[in-house]
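Next come two complexes, and both contain chain A; in the first it sits with chain B, in the second with chain C.
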Partner chain A sequence: MRKSRGNAIVYIILSVLGIIWVLPILWVIMTSFRQEAGSFTPYFFPKGFTFQNYINLFAENTTFNFSRWFSNTLIVSVFSCVLSTFYVLSVSYTMSRLRFRMRKKMMNIALVLGMFPGFMSMIAVYYVLKLFGISQSLLALILVYSSGAGLGFYVAKGFFDTIPKSLDEAAMLDGASKGMIFRRITLPMSKPIAIYTVVTSFMAPWVDYIFASVIMGDSYENYTVALGLFSMLEKEFIHSYYTRFAAGAVIVSIPIAILFVLTQRFYVQGITGGSVKG
Partner chain B sequence: MAGIRLQNVKKIYDKKFTAVHDFTMEIKDEEFIILVGPSGCGKSTTLRMIAGLEDISAGELYIGDKLVNNVAPKDRDIAMVFQNYALYPHMTIYKNMAFGLEMRKVPKHEIDRKIKEAAKSLDIEQLLSRKPKALSGGQRQRAALGRAIVRDPQVFLFDEPLSNLDAKLRTQMRTEIKRIHNELKTTFVYVTHDQTEAMTMGDRIVVMKDGYIQQIDTPQNLYNNPVNLFVAGFIGTPQINAINCKIDKCKDKLCAIVGKYAIEIPKKISEEKSLDKIIGKNVVLGIRPEYTKIAKDGIKAKVVISELMGSECYIHMDIGKDRIISRTSTVLDAVSGEAVYVKFDMEKAMFFDEKTGIRI
Partner chain C sequence: MKKILSAVICLVFLLGIFTACGKNTSNDNNGNTETKKISLKVWGSQDDQEFLKKAVETFKSKHSSVDWNITFAVVGEDKAQNEVLKDVSAAADVFCFASDQITELHKAGALYRITRDDMMVKSRNTDESIKAATIDNNLYAYPSSADTCFLYYDKSKLTEDEVRSLESIMFKDLGNNVTNFAMKINDGWYNSAFFLTAGCTLFGENGTDPTVCDFNNENGVMAANYMIDLASNEKFKNFDDAKIKSGFASGTLASAVSGSWNANDIKKSLGENFGVAKLPTIRLNEQDKQLITMSNFKFYGVNAQTKHPEEAMDLANYLTGEDVQKLRITQKSYAPTNKMLIADEETLNSNAVVRALTQQTQNSVLQTSIPQITNFWTPAEAFGTGVDDGTITKSNVKAKLDEFVKSILSKIS
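Let's look at the complex of A and B:
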């Protein structure tokens, strides 16, 4: 009796939280289908529904070239994702499995560096990129997003640490090289953490605004969606483009949603079961 | 097929801690060698040095005639069975066994043939398509054995392979491993802390303690002629009785004085060991429980507890400060606290130096 009452309270709290969470998303989706223009309406459900916002988003590219921005973002995210994943997993594996001088110190330095927010280095990064003549380019963005990724090795390293060392040793005696052990033994066993790394390193550049805005400046051509969508909210555009902005926001969330749906089945527990006694 | 030669092999960790001191021994081809000792004695470290998983700090290691100090583990042509099986969890048993062969670029049909053969001999044919998770402990250890066998290595290394199994399975696997050794006719080096495993499986046993070799000998010799008190105590269950005593003269013979009792030492032993030179010295008398009998007269002892093992009975007793055990086949209902008399079969007595523990 007491338990079910407790459960009821928990469910009520969860429901309220759920509604609070879902409401803004619903609202954006509603707005994206709204027929009447204007930024703010005193009502939740639109008076008329239309697909025109979505069509215009891609069709009209004189003022805002959304399809270009979208492909920019996709390129940057995919490349950063591949590079970052490679960096993170390599560094994690190295820190977890290889023993070399300065290993502990390097891990500590990484920890301390990780405490500073990335945008502290923003201005310096901007000038460095300018020095190389690659500011305002997609390459610059890819470099910025992926090159620091190796510092975020802690989670994956923690996971690798849980894989028994005797597996590596068995593979070593079986004739596998370090690289082979990583590819054929460690990685297949680390699917959850590899997927986690992929998802996070795809999402970070996909949704980043600060670095993109500093590096791209006024280069409209090379804008990412975050920058582009935000520029729709400037004073002179906001009234006529607000619903289109909402449509853009919905589009932007689609790749991430797809990524999650595709990868969530890999988050399987107990993947190491049966390898060693336990 | 190859023998192994260890020449003054040493393992020093972090320039401070020496795990293995001057390990020198020659392991013959096709020999079954057991490294045994309490935990932390350096037995596993020695095995891992042979495998190449640990660097050798000093000394030389030969497999066959080849110096392998700086040869990578994969090029040493050895296979190892780990205590925790170390099967690759994401691969089927078949893939597990094939992995090492694939790495060595063995042709596919050859791999298949070898795996089928090994699986048949280990009776795991029906498990080949399963993953390790779906196997019981015993089956996993068989699979791990199979993975080693298909490689056809010169030397097999076992790092406490049976410690994770229950008692019944352990006995079963013991005979299994022994059978495999007879079939394969390869050199086996086997690490264990279980002296029963050591006694039943090994051709020769290396007893280690604190990184030093104590004795290398056949099981029977270790039991009958231990070089020191440690080996005497480590080999044999229940443990050898160690009784503090003093060598003294009584009439024309020598005696071991235990408390107020004088136990005559047979002439043969006292002459062989020239005990007359240490008259008056305190020594440790070692005598196996099966040579310690409950009798009508003899040394008075107080029963602490008696353990009934079915076919035999262990009676724990106190003589003065020393705890001794008698192993008898007759069931004796000794109540704790009861006073009994014990007699030693002094023909089987051993004497050890009181301080160093070295056999006299």
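Let's look at the complex of A and C:
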């Protein structure tokens, strides 16, 4: 009896928190379907619903070319996702399984470097890219988002460390090389961490504003959605474009949501259970 | 093995550098040998793009002897300073910027000194705008338009006579749920008006001395007391742009202070009842005083590193000339800086917003361009918020003003 009462209190608290958490998202979604223009309305529920905001977002591209920005971001995130996943997993495997001189020191250096915020080097990165003549291009963005990824190997390395060494040794006895062990043994068993890397690196280009704005500057055609959507909020546009901005925000969440739904089941999958016989 | 590897890496980098340089120099040569082909880039806000494109087409047809290649990119006048100073060589040849950025742009060597037709530019624009565009007796920018805030009102609720004074606006009984007057009182751009009206100055008479601000003298206390009375009145509300617009749309707001960027939206929601005027007078020390606002100008500048300074100056000159300023009045509701246009009643009367703007500009103080101004906005916001929520009262106002001034004048690194 006492237990169920305690549970009831917990459930009430949790549902209140849940509602508070969901409200802003609900509001954005409702705003994206709102018929009346304007950024502020004195009421919560829109007076009329329309799908026009979404249609206008893609159809009217003279002022804001959202479809172009959307495909830019998609391209950048797909490539940088592939590249950075490759970097992270390779570095982690190397640090976890191979033994070489400077290994410990390199790990320490990486830890210290990781403490500095990335945008500290922003202007330097801009000038380096300009030196190679690729500033204001999508290639530059892909490079910026993926090249630093190798530094973030700590989580994945920790994961690899938990895979029993005896598996590697067994494979080696059967004549597998290090590369084969990585591909055939370690990777299939570390899907959760590989997926985690994929999702986080896929998300970065969708939410990053600061690097994209420095690198793209005035190159409107190559903007990403974060830059583009923000430019809709300038004081001349915010009134007439706010509902469209909300529609854009909803659309942006779709690719990330799809990726998450597709990969989510790997998160919970058993990892090494039963692979080594006692 | 390692040595060879590092040597190879060095070589690759060097090659990269050389090829990058090589590309640039060949471009330069092309530009110089074919003198008739001129490439220029123009920066303007997103809102101005179509307007600029049309204006540039006319410019091209007037200078048809040159093969123009004029491109456009979006960098608004408020962001010009950041974008230009990030990389002057990559910035546009002609760009639009707000007048308060001129000191920093000039200091960084980003502005080309205007040497072509500068006497003409000086003579055709208002003295205030030329003064703002001049540094050490040299002209560095082309004034394009003047900007400040003014009064929007709903003609069904207030008459033209009533909006002449804030007292008569506040006095009128418009019903319980109607706000008589709204402004963003916690924003230095708007609330500085009370101090300026009372006779205070920000950074001295010329607005260029970072060690002087007398907002805490007797006049300042008077202005602050006026603000406290206003804020405690139930017919006044502290509204930002979004709330002002929705207030007019729902008919619960009679008048508000805002800028010209909201004109179209408010016009749409008020329709026939759309009214604009210069700001009202306020009653200080038994006298009706016209509210004095901060104003600034939109300038066009020429990049100091442009490859074609003469052509760039011609273009900037045209974009800020009388014809284009006139188009700005009719199409964009921008207030002119051109003397002829300001004197031209017919043109001004064709656009009520521009008329109100121009009248208010004549009752305004130029927003300073010294960097110390960055220390003004946050304390001004804090002071306005204090007035609005009642933490600043008539009994502690002097101490709060002293604090306010102290933070404005605190040294910036």
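We adopt the following convention: the second predicted complex is superposed on the first by the 275 of 278 C-alpha atoms of A that agree within 3 Å, B and C clash if a C-alpha of one lies under 4 Å from a C-alpha of the other, contacts with A are read in each partner's own complex, and residues count from 1 in each chain.
Assume a contact is a pair of C-beta atoms (placed from the backbone, for glycine too) under 8 Å apart; a residue touches a chain by one contact, two chains touch by 3 or more.
These numbers come from a predicted model, not from an experiment.
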- prompt: Looking at the overlay on chain A, is there a clash between chain B and chain C, or do the two fit?
  reply: fit
Task: For A:Val155, select first, second, both or neither according to whether it touches chain B, chain C, the two together, or no partner.
output: neither
Which superposed partner A:Glu234 touches (first chain B, second chain C, both, neither): second
- request: Mind working out whether A:Tyr126 is in touch with chain B, chain C, both or neither, as first, second, both or neither?
  value: second
- prompt: So, does A:Thr63 touch the first partner chain B, the second partner chain C, both, or neither?
  reply: second
Message: Quick one: is A:Pro188 in contact with chain B, with chain C, with both, or with neither? Answer first, second, both or neither.
response: first
C-alpha centroid angle, chain C to chain B via chain A, nearest 10°: 150
- prompt: Regarding the shared-chain residue A:Phe40, is it in contact with chain B (first), chain C (second), both, or neither?
  reply: second
Message: Once chain A of both complexes is superposed, is A:Ser219 in touch with chain B (first), chain C (second), both, or neither?
response: second
- request: Enter the shortest inter-chain Cα distance between chain B and chain C once the structures share a common frame, rounded to whole Å.
  value: 21
Statement: Dual-contact residues of chain A (chain B, chain C) none
- request: Spell out the residues on chain C that touch chain A in their complex, using ranges where they run on.
  value: 16-17, 19-20, 23, 43, 45-47, 49, 73-76, 83, 86-87, 90, 92, 241-243, 245-246, 249-250, 259, 261-262, 265
- prompt: Of all residues in chain A, which touch chain B in the complex?
  reply: 164, 166-167, 169-176, 180, 184-185, 188-189, 270-278
Message: Per the contact definition, I'd like the list of chain B residues that touch chain A in the complex.
response: 51-53, 73-74, 78-80, 82-90, 99-100, 103-104, 131-135, 137, 140, 147, 151, 164
Message: For the complex, give me every residue of chain A touching chain C.
response: 37-42, 63-64, 123, 126-127, 130-133, 135, 214, 217-220, 231, 234-240
